[in-house]
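Here chain A shows up in two complexes: once beside chain B, once beside chain C.
Up next, the complex of A and B:
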C-alpha cells in the first residue's frame, strides 16, 4: 500500500484521533493521539491490508517544548512502511507500552526511557538499558547538564 | 611493582635475581582478554598470525584477571566500564602492568568534550605504564607499546634505591 492509502485507512478508522499527517517527505507519518496509541498499534499490526508485523524503530525526540515518541512500523509481508508519532508534554511524558503488540518494543522502550525519561505505562521491565542503574538525568534531553562526577570518577 | 621491590641491599646476588625475575616477567606478559571498542579489533589482529603477538610471549590471552600479567585497555572506557576495569585491575596478581591503547583510553579521544558517559582517560582509575597513541593504533604501534613495556620491566630491580 502507498502511504496515502495507509493514511486514508487510519483516518477512516480513527477519525480525529489522527490529528495530523504528512505524506510528502521520505518518511510519511501520522500524528496519533497518545491515549489511542495501543489501539492504533494493535490495528496496524492485525489489519489484513496493513500487517505491520515489524516495529523497525521506536525512539524519542526532544523538541524543547514537547517530547515525541516515534514508531516506524514496517510490513515484511507487503513491504510497506509507515511512521506514527505521539506528542507528549515535556514535564511528564507518559504513554502506554506497545510491548503486547510487538515484543521488540521492550528494549526500544527501555532505551527511550533511559535517554529521554519517557514512562511507558504497563511495561514489564522498565529499567535503564545503557546507562548504569544509578545514573542521574536523561542524557539526550536538550537541557541535560553533564554530571561533574560519577562515583569518584571525574567526567 | 611487586612485593619484593626496593626491599634489598644492592649486591651481586640481587643483580642475578633481578635478571631472573625480569627475564621471566618480560618474556611472558600474558594479557587479560578483554576489548572495549574498535581498538580491540586491532588488538585481535595483533594477536593473529600476520603480526603474531606470540613472538613476544604475550599471545596467551587469559580469561581471568588472576592469571593475567598485563592489561591492554583497548577502546573507549565508559564510566559504567570504569568501575569494572578498576575491579579487574585490583583482581590481577602483582606484578601487573597496564597498556592504554588508543586515544579514547589515553584521554577520552573524540569524546573529550561531548561524551557525558566517557571516562577522560583510563589513568583516572588505574595507573598506566605505557600509552599507545592512535585511533585506533595499528598493530605495529601496539607491538611497539609492548616492547616499551618489556624494556620497562627489564629495568626493574628489587634493590633499594640509593640515597644519593
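Up next, the complex of A and C:
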C-alpha cells in the first residue's frame, strides 16, 4: 500500500484521533493522539491490509516545546512502511507502552526512557538501559548539561 | 519447552570481560546446574552517546562517527548515513559513484561475514578456520587501504560522492581476488560448516522461530536464518540494487529445526557468494565518471525529516534524521540491528546449556560498539 492509502485507512478508522499527517517521499507520517497509541498500534499490527508486524524504530525527539515519540513500522508481508508520531508535553511525558504489540518495544522504550525521560505506562521493566542506573538527567534532551563528574571520576 | 527446574538457582555473570562475548557484554545467567533458566543481557558498557555527538557537529563530520559504530563493517555504516542525507537534500549521484559504493559495500560485507564465521569457529573451539578467514579478509582490507588509505575506519563515502576514485587497475585485482576466493568458500565449508562437531554444537541450539524473530524486530541474516525471505536490497532497493542479479538465501534447517545457530551461520556463508556475484556484475558495468561531481559545497538540508534503511552485514541499519535547516543535524537516531537482536536474547536462550550460550551469542554476530552506540 502507498502511504496515501495507509493514511486514508487510519483516518477512516480513527477519525479525529489522527489530527495531522504529512505525506512526502522522505518519511510519511501521521500524528496520533497519545491516548490512542496502543489502539492504533494494535490496529496497524493486526489489520489484514496493513500487517505491520515489524517495529523498525522507536525513538524520541526533543523539540524544546514538546517531545515527540516516533514509531517507524513496516510490514514484512507487504513491504510497506509508515511512521506514527505522538506529541507529549515536555514536563511530564507519559504514554502507554506498545510492548504487548511488538516485543522489541521493550528495549526501545527503555532507551527512550533513558535518553528523554519518557514514562511508558504499563511497561514491564522500565529501567535505564545504556546509561548506568544511577545516572542523572536525560542526555538527549536539548537542555541537558554534561556532568563534570560521575562518582568523583571526571567524565 | 517444559523443563523441571529443581534445586537452587545460581546467578553467574558472563562478561563483561569474557573472551566469547564479542566485546563488552554482560549476561546475567540464572543457572540450575548446567541449564540456563534465564539469561539477562546488560548492555551499555560502550555507550558514548553518538546521537548527542552528532547533534553538535556538521553533517559531513558525522560520517567518521558512523564508522566507529560498527568497525567491522564501517563502509556499510557510513553508506546508510550518506544515503539518508542525500535523500534529504535530493542529491542524485552518478552511476560511477553508485557502482563503486556497491562494490565497496559488498566487499565489506564479505570481510564482515568472514570475521563472523571465523570467530564463530573460534568460539566453538576450532582455530584453523579463523586463520583462513582472516587471511582472506586481509586481502580485502588491502583493497580498502589502497583506495582510501584506511583499513578499518574509512570515511570513504561522502555526502554526494566519494573521497577518491578507485586506483588504477583495482577492478582487475578485485576480479583476480574473487577468482581466488570463491573456491575457498568450499574449503571453509569442508573445514568448518560440514564438520561433525560443529554441526552437533549448532544445529539444534538457539532456535529462533519465525514469529519470535518478527516480534523482536530481528533483521538481516538472523531473520533470514529463521526462514523469512526479507532483504532490504531486494525488497526496498536503494543504490540501484534492483539492476543486479542475486539470490536471497534463507535458512533451510538442514541438520535440525529452522532458525538454529547453524542456519544463521550458513546464511552468512551463502551471502558471501552472492556478494561476489554482485561485485562481478558491478565491475562489469562500471561506467566512467567523476566521483566528486555532485559533492555539495555546503551541506545544509532543508527543514524536514527522513528515514533511510540499508542492509548492512548485521541486518537493517536505519537512520532517522531530523533537519532544522541549519548545517548541523537536529536529531540523528540510529536503528541498530544488534540492539534488536539482543532484545530477544532472553527468549531464545531460555533452557540452553551454559556452553551453548557461547554458541548462541556467536551465531547472532553482534558488535557491541554498534549496539551501545
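Simple rule for what comes next: the second predicted complex is superposed on the first by the 154 of 155 C-alpha atoms of A that agree within 3 Å, B and C clash if a C-alpha of one lies under 4 Å from a C-alpha of the other, contacts with A are read in each partner's own complex, and residues count from 1 in each chain.
As a convention for this text, a contact is a pair of C-beta atoms (placed from the backbone, for glycine too) under 8 Å apart; a residue touches a chain by one contact, two chains touch by 3 or more.
Only a predicted model underlies this, so the values are computations on that prediction, with no experimental measurement involved.
Looking at the shared chain after the overlay, A:154 reaches chain B, while chain C stays out of its contact range.
Using the contact criterion defined above for the overlaid structures, shared-chain residue A:31 touches neither chain B nor chain C, since it reaches no partner. Set against each other, chain B and chain C differ in how many residues of chain A they touch, and the higher count belongs to C.
In the superposition on chain A, contact of A:61 is made with chain C only, not with chain B. Using the contact criterion defined above for the overlaid structures, shared-chain residue A:106 touches chain C, although it does not reach chain B.
After overlaying the two complexes on the shared chain, residue contacts for A:132 are found with chain B and with chain C alike.
When the two complexes are laid over each other on chain A, chain A has residues 131-132, 139, 144 in contact with both chain B and chain C. Within the complex formed with chain B, the chain A residues making contact are 131-132, 139, 144, 146-147, 150-151, 153-155.
Residues 24, 26-27, 29, 53-57, 59, 61-62, 70, 72, 76, 79, 81, 83, 102-104, 106-108, 111, 115, 128-132, 139-140, 144 of chain A are the ones touching chain C in the complex.
On the side of chain C, the complex with chain A involves touching residues 43-44, 47, 49, 51-52, 87-88, 212, 214-217, 228, 230, 235-236, 304-307, 309, 316, 318, 320, 322, 330-331, 333, 335, 339-340, 342-344, 347, 372-373. Within the complex formed with chain A, the residues of chain B that make contact are 79-80, 82-83, 116-117, 119-120, 124-125.
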